[in-house]
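Please read through the structure below; I'll follow up with questions.
Labels run A, B, C and D following the written order; every chain starts at residue 1.
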Amino acid sequence: MIKPGSKTSKHPSPHGRQHPSNPLKDKLHEIIFEADTPAGLVFDVCLLVAILASILFVCLDTVVALQKTYGLFFWYMEWFFAILFTIEYLLRLYCVKRPWRYATSFFGIIDLMSFLPTYLIAFISPGTSFAVIRALRLLRVFRIFKLMRLLNEADEMGRAILHARAKIVVFFAVVLISVCIAGTLMYEIENFGIPLEQRAHRQFSNIPEAIYWAITTMTTVGYGDIVPTTALGKVVSSMLILLGYSLIIVPTGFVSAEFMSIKKKTATTRNCQSCATEGHDSDAIYCKYCGEAL
Amino acid sequence: MIKPGSKTSKHPSPHGRQHPSNPLKDKLHEIIFEADTPAGLVFDVCLLVAILASILFVCLDTVVALQKTYGLFFWYMEWFFAILFTIEYLLRLYCVKRPWRYATSFFGIIDLMSFLPTYLIAFISPGTSFAVIRALRLLRVFRIFKLMRLLNEADEMGRAILHARAKIVVFFAVVLISVCIAGTLMYEIENFGIPLEQRAHRQFSNIPEAIYWAITTMTTVGYGDIVPTTALGKVVSSMLILLGYSLIIVPTGFVSAEFMSIKKKTATTRNCQSCATEGHDSDAIYCKYCGEAL
Amino acid sequence: MIKPGSKTSKHPSPHGRQHPSNPLKDKLHEIIFEADTPAGLVFDVCLLVAILASILFVCLDTVVALQKTYGLFFWYMEWFFAILFTIEYLLRLYCVKRPWRYATSFFGIIDLMSFLPTYLIAFISPGTSFAVIRALRLLRVFRIFKLMRLLNEADEMGRAILHARAKIVVFFAVVLISVCIAGTLMYEIENFGIPLEQRAHRQFSNIPEAIYWAITTMTTVGYGDIVPTTALGKVVSSMLILLGYSLIIVPTGFVSAEFMSIKKKTATTRNCQSCATEGHDSDAIYCKYCGEAL
Amino acid sequence: MIKPGSKTSKHPSPHGRQHPSNPLKDKLHEIIFEADTPAGLVFDVCLLVAILASILFVCLDTVVALQKTYGLFFWYMEWFFAILFTIEYLLRLYCVKRPWRYATSFFGIIDLMSFLPTYLIAFISPGTSFAVIRALRLLRVFRIFKLMRLLNEADEMGRAILHARAKIVVFFAVVLISVCIAGTLMYEIENFGIPLEQRAHRQFSNIPEAIYWAITTMTTVGYGDIVPTTALGKVVSSMLILLGYSLIIVPTGFVSAEFMSIKKKTATTRNCQSCATEGHDSDAIYCKYCGEAL
């Protein structure tokens, strides 16, 4: 179900094997960065459990009732995970070929951020404002990004999104234009004939508020904290709703077509014996590159 | 529209015919486990009606107003269905080759669970706590799982989901990461400058609550029980909404592509003996590449 | 954009021409049942406008404020449209070959229902209960079904849905099972420890109510009239939401694949000169039915 | 990511080069109407930033709290952008071959509307009603349409929607029929036995209101401002919800198929001169059917 990050694992390892290097370092690298050995798989599963458990404790720590009863336990668990992630970070630093490059990479920074706030809170002077401590405590939630290392199926999905990016820009531009126009119209319709000063206490109090309403409406979220009350407002919002309900069809269709064409290319694995090229259609008789019969 | 569970019906029947066995047992097996005979079809339709009716009575029994008036009728109906499902269970046990294997299978346990609670409630001592009786009563709703036996179209859909499972894991990981980050941000933004003790009585009272809000928002459910009230909170939730609104596109596109390739494979299974080409339509008589008869 | 109902128009007309019939009748039939002549198109557009306008007046007539001011005007318009639809009905009866068959068909009944309630209300005795009159008045809204005659693109969509019907049954069965289980669980979770009598005044007052909540939640409607208040209830509803959010992917993917395969078949219009068959792939060299070169 | 409007840029430029014209005019045309030169790209990015910034200030100007503090700054910014868009408009008028044609085109009018309201507000007599000034002020939001010039990926999407337009009409007709019928039913069900005069103060006060509810429900928006309260009303709304939840599948599937076939057509445009086959990949060197060089 979960495979190691392909880029991270494949890139440094060939170098590591070319040099006559430390066998412990090699072994560690294999366990930590690769998932195709049993030890590597066990490491990945343990890391997954540790990430999810540590996030859970950070979240539960903000529930006042639980914090009063289990506060000390949460504190011990926090230190347990902080030390665990510190060890993981140091091991990663030790076994990669270029520690500095890892330390400054996206995952290096995420790994560092997963334990640093815990130490900072501990060494902070008692006079520091509560808000700073709190912000630091909540930064620990960002260790959820460590999960991304365990996913490498995102590659193909990323490619489909990349191919469809121009369409996605158009899609978001249409959404942006729609919510701006609809928000402005609704602000004026719902407040028609009401002086500017009194509008502040009404539902569509200003255009940004009306745009927020338009976004929640067009995407079919529909909180209901702001709702149209005039007849014309209801007609305009019905039209916006129907636009949003049908607009999502277009990017869905486009991304489907994109996935299909990626799938088609990767599905045809026939090789030409003459020129060793791939990508021939299943109904091809001759190699399309060298002209030899397949 | 509804066909018998293919695995259950096809598996035991060839064995049943190899042995010189009881003709009544064979006949019963055909009626109960297979749907391609008229008697089997009638049995399946009756079972479907019985399942749905019994669920309906269990549900209506919890409506206080109806319970007061029709309570006794519901009780009789409950016993009627319990005895019906008992007979069905005993017949299934009788006519399968390996009763124990059936009894310990998923459907065997579901079948047992569909009548057992009714007997347990009847034979329970008056001193038993109300909660136990209630839990037992509600277990009867689980007989809805008996419906699954009547569906076998799920096979192909299951295969598409199975092929796309790695992508689905990535999809849910992105959702999980998004709701954790958004929930934590909103908890801090909406409660900025408010002491920890007072937060418990506010909307985003703690991170788990904020994550629950993030889930209802990102999936466009939007109950409106918890809504952002600050300007920055509205901006962040607008971004989360737009992410959720567009995120669903990616797995939809991928599953579409998966279904298409399954459809294509099952459609093209014929080879040309003369030129060995594939991809011939199921209605083709001659090879479309070399003109030889298929 | 809008074409005449293909079945209705093509079927009776060849018969009409075989017989040496009334030229007025033929001309009327062409105007009323076919849309490929200018007169027929004008008739269809007028009919569309009349249907939509008459529905609009029926709807506005229920707005108390408007009814007081424009009640008489609405009444005149109602009679205008009723007489118009009566004339249309009589003309249709007159020019079809088999009036009885038309009168008992789906569209014949819809056409009759579009003016009958107006006459019934007029000829009703003053002593009739208000509810009967009201029900009759509202039946007039059903004339919206007359719109369906103007649509014939529904054919291909109907075919895709027909092909996918077994999957749609599975999809709805999964939804049904999910909402039953989730509703029962939520009813018990949210009311845990509360006596049966007091539950009637709470949010999840009974299982049918809880199932209604589960439907609005799973489909991401999320009214917010019933919301979970317990921690466990929020966890269960989050899971139900995520299930509903991702479940819609499967039928979407399947219907996409279905449309694609229908499109593929209808897209290939190459004819074989030798055997006059259609449906050859764009890359076919020889006719797949007779083996002749295309 | 963003390309210049292909129609606008390609059409006038060849004419401009045929005539021995002003080199400054040519240079300006290239910068303003084309995006493939560095200067043109810089111009497009600046225009994008100016549009978004000016919209932001128009929106923030309606927030009473901000208006009081930064009102003067917003007013200066407004004039800055109005003058900027005036200069842009005059330059466009100057460098196009046919100024009148541009001035009366969609983008010409949008460009004019983006600065005209600002001047009108300034030159308006003090006695003019507040509503007129306000309407003029809000017209400035329509300058968001200037964004559309920067998008040309919409072409292909527009083509897919155009191909699917007949289906989209059917889809909207089904939605219209469903909401009319459901709205009327719910109006009657929820108000059953209640005199007409008292209905005005209830949730489903009239049919247009009930249709508005049906639209918000069917599209899964679910504000919760109007919710069914009767048992039968909840059953009907559950059915409408399930219809809306599954209806969106059909157009999604159809547009997917449309995109796929457009993608396929644009991918295969090469013919084999030797065997006249089509369907060769864009990277093919030899014909895959006869082996000749393409």
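Note that a contact is a pair of C-beta atoms (placed from the backbone, for glycine too) under 8 Å apart; a residue touches a chain by one contact, two chains touch by 3 or more.
All figures in this text were calculated on a predicted structure; none of them were measured in a lab.
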item: Pair joined by the larger number of C-beta contacts - A-D, A-C; value: A-D
item: Whole-Å separation of chain centres (CA-atom averages), chain A against chain D; value: 28
item: Rounded Å distance, chain A centre to chain C centre (Cα mean); value: 40
item: Sequence positions of chain D contacting 2 or more other chains; value: 208-209, 220-224, 248, 252-253, 256-258, 260, 289
item: Pairwise touch network: line, ring, star, complete, or other; value: complete
item: Footprint of chain A on chain B - complex, ascending; value: 165-167, 169-170, 173, 176-177, 180-181, 183-184, 187-188, 192-193, 195-197, 199-200, 205-208, 211, 217, 220-224, 227, 231, 234, 238, 241-242, 244-246, 248-250, 252-254, 256-258, 260-261, 275, 277-279, 289
item: Contact footprint of chain A on chain D as seen in their complex; value: 1-2, 55, 58-60, 62-65, 130-131, 134-135, 138, 141-142, 144-145, 147-148, 150-151, 153-154, 156-157, 160-161, 168, 171-172, 175, 208-209, 212, 215-216, 219-225, 248, 251-252, 255-260, 262-263, 267, 280-281, 283-293
item: Residue ranges of chain D touching chain B (in the complex, touch as defined); value: 220-224, 252-253, 256, 289
